[in-house]
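In what comes next, chain A is part of two complexes: it sits with chain B in the first one and with chain C in the second one.
Let's look at the complex of A and B:
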């Protein structure tokens, strides 16, 4: 994180956020009293075991999920009070990528990337130009006319990243974006996210259950355990001195692997 | 060469009559198919909704249609309505009603299946891109659902065309009926006519259904 971005304040802020799912026969508490702030320009990690509430949390940030209680502030505005129209334009300023890529199979790579621009009324030529720029950024200029079914998992995720960036968002939410990929591909996708953060200044929230993802790209991390935040701090802080039981469980097996990882990450493996 | 009784077809206007019968059968099919595709799509979309009354109604409707043989339905609509309500439906109208009821039920199943085969995260990521609900349907759900739907509905269409041969049972002058009339008329002088005429009927149905089923297969391969 560059120092001049640091002082700019809290761009995403969650206050007393809670989410309870009501199903036919019971209530499931997915989030409880979550308080977090993500600073402009940083890469913020959220780690936790399966079912901890990570996806629910990140989906509250663009209101794909409506919180049951509490507030979500983005650039100082409480988005839980937004009307539909403001919400839609807000969503265009927050990109999101998923574990399953979610590309449109019937459209070419290029037309997947122009898709969010087309629906928001951008002229075809301008959309195309922007898409080609983004494909260049993610290293897929030569695959513009391919279809998703002809790409590898890592390449699909690159297309999804390009598509998420099409509307020039300030934020990028990544929900287990590398969980379906092998270690080398994971590394190259994480490198790409880091590059996007550094060159475009996009603030990124990364959701994962793997400590090595946090370790490789995040500035700060929150550990989520059973719907609550167990611990929060800079990655080096949490990594060297985990205070909560859950953080120790997640980190200790990784530490041994990490020293190895540091050595091997010098040989850059690009899978494009 | 064995006597297939094909000579009967060449007598008088017999072949033309047979083609006329096929025409009526196809007309019944086409009208029923159009009604079924439209109503079935609407019902299929509505079945996605969590509406208890609609669910109960659809269930009853689908069960009845599935359990009852089409022939029974045909009798029920043709003779039943005359008896109970005093309606004087033509055979053709009765057939269209029955085939539409059946086709609509099947079509709504196909549409519902195609819609629910689209994973939830597709809706989600489309919404995350800032699409309105209608845009999500228009740009994301519909193209994928239609692609799944086309081969399946073509299969339904061929089945509907084939099944129209049933309508002869209630006296529509339809292809098999015409065939039977020809056979009856020639029983004395051409005893093998039955075979020849039915063979011709078979060939005619085959000629109509075969291209459709080839097309279905092709689409399935390309989009499956």
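Let's look at the complex of A and C:
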């Protein structure tokens, strides 16, 4: 293996990643030559408009989508070469949450959180104990016996976060995790993610189309535009000095909102 | 008020026997049809191009097979399958042969009912389970089937009512039950009240199946918050 193709330790690295969907009569390029590395312990944001390829990109990290070209290194190992068994066990070390929460509707909150543990063969009693710990972490200990249909959107996402953390993953992928939530709930979910990052040391990748999400919790950000990375850097750097057109488009209206937000600390700010 | 025939049939317990036979045929055939149809439905669903284990040829061939049996009217299928019944249960007449017919006719029907119930399961939930490293067996056993359960129960009620209807037709090859009583004592011997009595009893049986099934489906469905909070 050439040195270029070797991973470099504990982190997520995408190299020359491409994804093309073939339909009957044409090819649709979803991702083209994506190069990224996400360092351990950081919160990395990927922002872009609808159709930019964000969701496909994040699904390439745990191979829910199989890339058409390129490599995905996790902790130095090229997971695109994993067999099915290693892939399934790898996925247990990467949590994921979704825009629509995707909770199991016929299971109680507690049994949703124990689900990934059941899947990896953890004993029932130990799984319950672990799930209760996590429900406490997300502030829903009292809802363990409720069913998802009885919860609000924010509560559902908290359950989903608890579930994603059940197997003690090192990485957490968030696919538009706050896009279906109102502004106040969004803020509290983002605070929870930040807390998880800081107290548990979980590396988080956040996919979003909202700049305020990036601004509120991310350390670094990549801007995705038309299947390619237009720009990448620390949030403050990209925020104060966006070089690409798409970054300026995404940031500028939000920046006005953000500075206003800082000036009026007592008010609720959300007017979009 | 009632014809002599109806009174006699009742006094000799023929109608009561008919009720019992109809119920027992329907329930037994439904159970066997599900033993065959449920796995078929699962295979149809997961091997679909959009499924969790796409296998184009298996899906195609199984789909053709199911459609083949479903497109033959039951009364014709019954006659055509007489030799098969003889092969399986040794006779081509009577209730045992009838159960074979009912199972042959109902299994493909059940497979499609199951397939359509599984299709209702949110694809996002499957994806979430995949992201947690669930294997295909776990996806079917712990996600697809439990999440589709209320819909599967509703489907089984519809299947049972269909099978009950088939069982009446099966009296033409010597099956017994309310259908046979209606045809041979009611229709053929000009006792319309016997026929109507069988019709009303059948309607009652269908209603009971329907009500009980719907009640169970609703009771076990956790998507409706009413009353299901406490286990």
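FYI, the second predicted complex is superposed on the first by the 249 of 272 C-alpha atoms of A that agree within 3 Å, B and C clash if a C-alpha of one lies under 4 Å from a C-alpha of the other, contacts with A are read in each partner's own complex, and residues count from 1 in each chain.
Convention: a contact is a pair of C-beta atoms (placed from the backbone, for glycine too) under 8 Å apart; a residue touches a chain by one contact, two chains touch by 3 or more.
In this text, all values refer to a predicted model and were calculated from it rather than measured experimentally.
Q: Clash or fit: chain B against chain C, after overlaying the two structures on chain A?
A: Chain B and chain C clash in the superposed model.
Q: So, does A:83 touch the first partner chain B, the second partner chain C, both, or neither?
A: neither
Q: What is the contact status of A:64 with respect to chain B (first) and chain C (second): first, second, both, or neither?
A: In the superposed model, A:64 contacts both chain B and chain C.
Q: Output check: A:108 vs chain B and chain C. Expected answer is one of first, second, both, neither. What do you get?
A: The answer is second: A:108 touches chain C but not chain B.
Q: Taking the superposition on A as described, I'd like to know which of chain B and chain C A:146 touches: first, second, both or neither.
A: Second partner only, chain C.
Q: So, does A:119 touch the first partner chain B, the second partner chain C, both, or neither?
A: So A:119 meets both chain B and chain C here.
Q: Is A:92 in contact with chain B, with chain C, with both, or with neither (first, second, both, neither)?
A: The answer is both, since A:92 touches chain B and chain C.
Q: Count the residues of chain A touched by chain B and by chain C, then name the partner with the higher count.
A: C
Q: Do chain B and chain C land on any of the same chain A residues, and which?
A: After superposing on chain A, chain A residues 62, 64, 88-92, 94-96, 98, 100, 102, 104-106, 115-116, 119-120, 163-164, 167, 173 contact both chain B and chain C.
Q: For a test of understanding, state which residues of chain A touch chain C in their complex under the given definition.
A: Residue positions touching the partner: 62, 64, 88-92, 94-96, 98, 100, 102-108, 115-116, 118-120, 145-150, 160, 163-164, 167, 173.
Q: Can you name the residues of chain A that touch chain B in the complex?
A: Checking each residue of chain A against chain B gives 59, 62, 64, 88-92, 94-96, 98, 100, 102, 104-106, 115-116, 119-120, 163-164, 167, 173.
Q: Please name which positions on chain B make contact with chain A in the complex.
A: Answer in residue numbers: 119, 121-122, 124-125, 127-132, 135, 139-140, 143-144, 147.
Q: Considering the complex alone, what residue numbers of chain C touch chain A?
A: 122, 124-125, 127-135, 138, 142-143, 146-147, 149-150, 221-225, 228-231
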